[in-house]
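Order as written gives the chain letters A, B, C, D and E; numbering starts at 1 within each chain.
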Amino acid sequence: MSESVEKVKAPSEPLFSKKNKKLITDPLSDNNPITIQVLGICSALAITVQVEQAFFMSASVLFVLIFGNLSISLLRNLIPSRVRIIVQLVVVASLVIIVNEVLQAFVPDVSEKLSVFVGLIITNCIIMGRFEAFAMGNKPWPSVLDAVGNAVGYAWILLVVAIFREVLGSGKFWGMEILPQGFYEMGYMNNNLMILPPMALIVVGIIIWIQRSKNPTLVEEH
Amino acid sequence: MKALEKIIHNLDPKFEKGGKWEKMYPLYETLSTFLFTPKHVTKKGAHIRDGVDLKRTMFMVVLALIPCLLFGIYNTGHWHYEIQSYVNPALEGYRDYLTGFGDKVIYGLIKVLPLVIVSYAAGLAVEFVFGFIKGHGLHEGFLVSGMLIPLTMPADVPLWMVAIATIFAVVIGKEVFGGTGMNILNVALTARAFLYFAYPTAMSGDKVWKSGTDDMLVQAGNVMPDGASGATALGDLASFVGDSPVVAGKVMSSSDDLVAAFESAYDPIHAFIGMIPGSVGETSTLAALLGGAILIFTGVASWRIILSFFAGGMLFGLLMNGVGANAYMDLPGYYHLIIGGFAFGAVFMATDPVTAAQTSWGKIWYGLLGGALTVLIRVLNPAYPEGIMLAILFMNVMAPLIDHYVVQTNIKRRQKRFKTA
Amino acid sequence: MAINKESNAYTFGFSIFLVVVVGAILSSLSLGLKPLKDKNAEVKKQIDILNAIGVDADRSNAQELYAQYVGNNTFVVSAQGEKLEGEDAFALDVQKQHRDKTIAEEARKFPVFVANKDGQTMDVLPTVGKGLWGPIWGFVAVGDDMETIVGASFDHKTETPGLGAEIKNTSFEEQYIGAKMTSNITVVKDGSGKLDAQKVDGITGGTITSKGVEEMMNRTMAVYAAYFSKTKI
Amino acid sequence: MESTLDIFVKAIFSENMIFAYFLGMCSYLAVSKTVKTGLGLGVAVIFVLGVTIPINYLLENYVLKEGALEWLNPEYGINGSSTINLSFLSFIMFIAVIASIVQLVEMLVEKFAPALYGALGIFLPLIAVNCSILGGALFMQDRQYSTMTDAVAFGLGSGIGWLIAIVFIAAIREKIRYSNVPPALRGLGITFIITGLMGIAFMSFMGIDY
Amino acid sequence: MSKTVKLRKGLDIKLVGEADKLKVDAPMPASVALKPTDFHGLVPKMVAKQGDKVKIGSVIFYDKYNEAIKFVSPVSGVVEEVVRGAKRKILEVRITPDAQEDAVKHEPKDPASLSGEEVKAAMLENGLWPFLKQRPLDIVADPNVEPKAIFVSAFDSHPLAPDYDYIVHGQDQFFQNGLNALAKLTSGKVHLTLNGNVPADATFQNAKNVQINKIFGKHPAGNVGTQIHFIDPIDKGQFVFTVNPQDVVAIGKFFAEGQYDPTRIVALTGSEVKNRKYYRTIVGASVTGIVNDNLESENVRVISGNALTGEKIDRNGYLGFYDAQITVLPEGDQYKFFLTKGWLGPGFDKFSSHMLFPTWLMKNKKYRLDTNMNGEERGFVVTGEMEKVMPLDILPMQLIKAVMTKDIDAMELLGIYEVAPEDFALCEYVCTSKIDIQEKIREGLDLIKEECM
């Protein structure tokens, strides 16, 4: 579940040096948190029925991860190692609470649909994983970039799955009908199975299939 | 035949590696091995081999399905005219099962053959795509699936749905595991379950079981005429909650009345022969048993699974009679075996050797649990009156675990010999 | 600075510091956002009630419309059909009450929202029941005569899309208009709902959910009918 | 109103943590290669859920939720406690409880039941990050179970459902080792697809009325 | 304490072409070969060179990894050629016999009076040791281990198998002598298992110093693996040795006469042979002399051994070291049109364990089977067919899958130590998916040998 600790120790490099760019681009495909590292799946799939939910979920993870990585990175020299994990937990939990409160206050309908899954961001392995693997050992700026990279890597998978499921399952995108009425008149029907949980897994499976077929270096040995 | 053999095998070099039509090899292999058992000989080990091969085995299953198919064609035609008769007085005589035999057969053919063709076309197309990728010809598994799929569909299901479901089942249900012999869920059931959950209105409810119910309703002003019903037997039974059970349009006051009424509406003999509405090929227990007899006799299907499946259903049905908490549970146990595709599922679906349990004892447990689960879902789960499909899928998922424990038992038993010896 | 990061005192101090800071941030945020959250919940309920009397409302205008049509004209009825005094109908969460096993059925409370639309007085009655997968609920509006249904809106959490979920559809809801709440309203399958005011055509393939609505309506409406029959006299 | 049995069976099948909510997927994917380890982790999950759900239930009902602190009133001289709503703290409290309980359980088991520790020991640390535990607590809060019995039934049911899921997939993964899965799907991909197909098969239990 | 075993599973394959009970002397072969390939996994180290003159009993090569095991010449003559294959692997050592019968001679001894070590040393030195095979692994016995038992199966139940009762008839003395020698090699028992279906020859009936067991049932009742499984099974870390009855006679003769006895009685069988008899010939003899001019048709396969487990050899190939049978079958390299002879044909000429052919009606019909695969290789689809012909309490399909996935733990648990490829010959025969199962099992055993022994 955890991966080797990456250390980036360049004293003064430009804000978007090659190395820093890699921090962002790597998690988008070759080291994608969901399809390659198998992290954060718990909360990822249940809320991909509609693009809207997936978007807010991704945004929440982005927020939590950026600020979490940032604060852990800032505090990294102050945290006593014995209570390290607890401190990390407290930081995530607090950030998630903030997100939850804000969602409840400003987008109550979405918040209701996300129900417990906002809370489950706490146990989203990506977050603790990045704290432990990256932010504890790196300066704030790379940590933020790393957070952005991972959160976006998480987000695009979520959004793709959600687009598939919403368009095929409900004929909608972000709650708006997008399939022409003529389709339905010709006998087309929405695929209800797409809305049911099993299809989320199968869609991710297919994404992995495509991704790894394109890049055979990612193939696992059974 | 020699001439044909010559013509075909003169083409061999063109399709082999480096040949002109190398890319078409899978297609060629499929055709040539269909026409001629290849001249491959054994190399070492057993120099002689049993005459059986997968083609003959699978062909036997397709053969065993023919009674179900034929009966299904007729049954489809019959129920079409039956439901039409409520708006077209000229057809009233057709309510009798055997009147209008020719018309019914023709109608059935028109409805059922396209299903069969679409199922085979879609499935074989996918198989060929994967065959081309992997460079081999067609493996025989789909020959059976392709026939099973249409038989599990209501006759009115749109053809594009059959095509999508077949493609889904073959790709996700089979090819991702590496093709014939490697899958975990029965391909035909995967297709059926896919449609059942994806397009429930086309696969369940009261309007799909008798072909043409929708047309009839339009003519009748969207009100079901007196005496007409579009439900399956199980649907009828499941269509109530609480105190107002309704069978064949009559409100029942107690569960005894209900069972009595059910028996008169669905005479056991009729149900056994299959004279009830339902999916194309699943209604006739008789036809399924005929096929089952062929399969058991030839050893293609495991008698352990079939017998224990029936036993499991019967025993659990009796157990439920004892509990009797709802009217459904009071249904005599044997009814479960003759309605709603029980026999069809037990004979043709549960016995799929790839997805069933693979050890001898495992098969018995698999069958018993599967039969019991079917009845359990029927009596307890009002959402899925046709319990057998999901029960078998669930058992497919469970089969590896059953096998795991049977294998563990074997290992323990053999280890024990050394301790006591 | 030579602070020993691993010392007990430091660890302890750090922890306390963290807890205080986090606690302060979180509670102030929570307090700050509380009015907004409360309002959201309130508005949601208002929209539902407004829908039952056929007023289209969204989050932006719900409060305004609610004040216009309903206002504070609410009261609570007991399971025996008696009016209860001193209860806040709006704050009563009927769903929670329905789920709470510690409250006996006889002790349940039934709120009534009296609305006024186009000169007609309507009583909006919440109702809660069980569908196929989870809870279903709705609001029913009863007209001047205190027995004819003039509006209904249903909702659910987890019913099957395309099947059970169709109870949300206006075409299903509208079938209830004109039915008498004083006697049973049956959900039927044969399409005869169009012919009989007391019958409603069920959702094809959504039998269980339809039957759930039937059960929910008959159970709740009986209580209100008992109350209305007393008031009418 | 759901019966306790209803809650229990639902939690096992139709609201299965894995197939319906994908909770605890990380360890589900990582530890399902053989039936034996799957079983070990599954038992550990049941155990921890069985312990943490009741504790979190008490926490929720006597500390966190709106009016939960009513019991402080008034003999202890604290006024207005019935309006205190600490539910915004529930995430942090739940996760703290879970983390410390897992620690505590690990120590206790090691001390008093070394045999059990041998079987579960390696799995217990994995559990703290298993979403199904926090998920269980959050669902318990969300669904507002009205009695302790219901909450425990839910907790145990969820655990058993999780165990069933992991043991089933472990057996399937043992079986498909012989299969010729396309390379790109090996490992993770095929496991996702199998889980999806299992989810379809598990839907047979949805809507069962007990 | 003798044991009686009854098998309920198994399959007798009835072929045309049993050998008549008639012993004839084959002409002295023009060439004889010692084939290292008969001894699985053996890496030979040559002692004799091309052109060397050798006697009966002269060492030709020894085992590179176990130098004590010597392999000796069955004839006196000249080493003509060392035939090598890919990577210079030695395939055959061909010897041209001369007319003299020079032999390496020793004092005759009564094995009963020797110690175990002495018996072992004599057997190793004089090329008798390779007669012993060991389980697990089914390879030449390792002289460094002590077997917990030694098994001799008194009959062969393979299709067209030679009748050992007939072959050893009258050799009571030598057979008993051989058993006495074997008894010295183990502290456990020597088991002699008789066919329960027919009365055995007096040679077997009256054997002493052994435990005599009976086994009833169809093939593979005669397989020594089956007998071990039911009479005295082996666990991981245990060993048993097995010997053919005719080789027991050879061992007995060596001690009685003081010289290596290369003669063997071999049954010539199969539908494609005209003169089917028992021929007295020599271990490793070229089969040309008895096969040529003795065939019904030209397109044939000559097998040293039986149709299920034997080795394909040329028409001028050599008899295998352990074989007492030559089988000649029609080669099946023709296309078969699907409606006549192919997969959908009536199949009156096909013997099948499945009821998919009408031939199950003809219980006693004998078949002229050819070597066609009768189908193409597929993934495992049909289940339960192997279990029907596998009398051992071993799950054949699971074990084969474990081998195919190279899962050593599972192989061990499922019983790989107990089996030899020949125990799976029937599984291979009935397999609908046409998988070469014996080969797989051998691969599994090789893997076990490499990783665990």
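Quick note on the criterion: a contact is a pair of C-beta atoms (placed from the backbone, for glycine too) under 8 Å apart; a residue touches a chain by one contact, two chains touch by 3 or more.
Computed from a prediction, not measured in an experiment: that's the story for all the values here.
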* Going by the stated contact rule, which chains contact chain A and chain D alike? -> B, C
* Most remote chain relative to chain A, going by C-alpha centroids? -> E
* With centres defined as the mean of C-alpha atoms, identify the chain lying farthest from chain B. => E
* In terms of CA centres, which chain lies closest to the overall middle? -> B
* Dominant interface by contact count, named by its two chains -> B-E
* Calculate how many whole Å lie between the centre of chain D and the centre of chain E, each centre taken as the average of the chain's C-alpha atoms. => 59
* Asked: If you average the CA atoms of chain C and of chain E, how far apart do the two points sit, in angstrom?
  -> 83
* Please work out the Cα centroid separation of chain A and chain B, and write it as a whole number of Å. => 41
* Structure fact -> Chain centres from averaged Cα atoms put chain A and chain C apart, in whole Å, by 34
* Quick one: which residues in chain D touch 2 or more of the other chains? => 88-89, 92, 177-178, 180-182, 185, 189-190, 193, 196-198, 200, 203, 206-207
* Tell me, which residues of chain E touch at least two other chains? -> 379-380
* Of all the residues in chain C, which ones touch at least 2 other chains? -> 22, 26, 29-30, 132, 160, 162, 208
* **Which chain pairs touch, all of them** => A-B, A-C, A-D, B-C, B-D, B-E, C-D, D-E
* Spell out the part of chain D that touches chain A in their complex, as residue ranges. => 19-26, 29-30, 88-92, 94-96, 99, 129-135, 138-139, 141-142, 177, 181-190, 192-193, 195-200, 203
* Structure fact -> So, in the complex, the side of chain C touching chain D is made of residues 22, 26-27, 29-30, 96, 98-102, 132-133, 208
* Structure fact -> The residues of chain B that touch chain E in their complex are 1, 4-5, 9, 33-57, 59-60, 139-141, 178-182, 297-300, 302, 304, 353-354, 356, 358-360, 363, 403, 407, 410-411, 413-415, 417-418, 421
* Touching residues (chain side chain B, partner chain C) in the complex -> 200-201, 204-207, 217, 222-224, 228-229, 231, 238-242, 244, 249, 382-383
* **Residue ranges of chain D touching chain B (in the complex, touch as defined)** => 35, 167-168, 171-172, 174-176, 178-182, 185, 189-190, 193-194, 196-198, 200-210
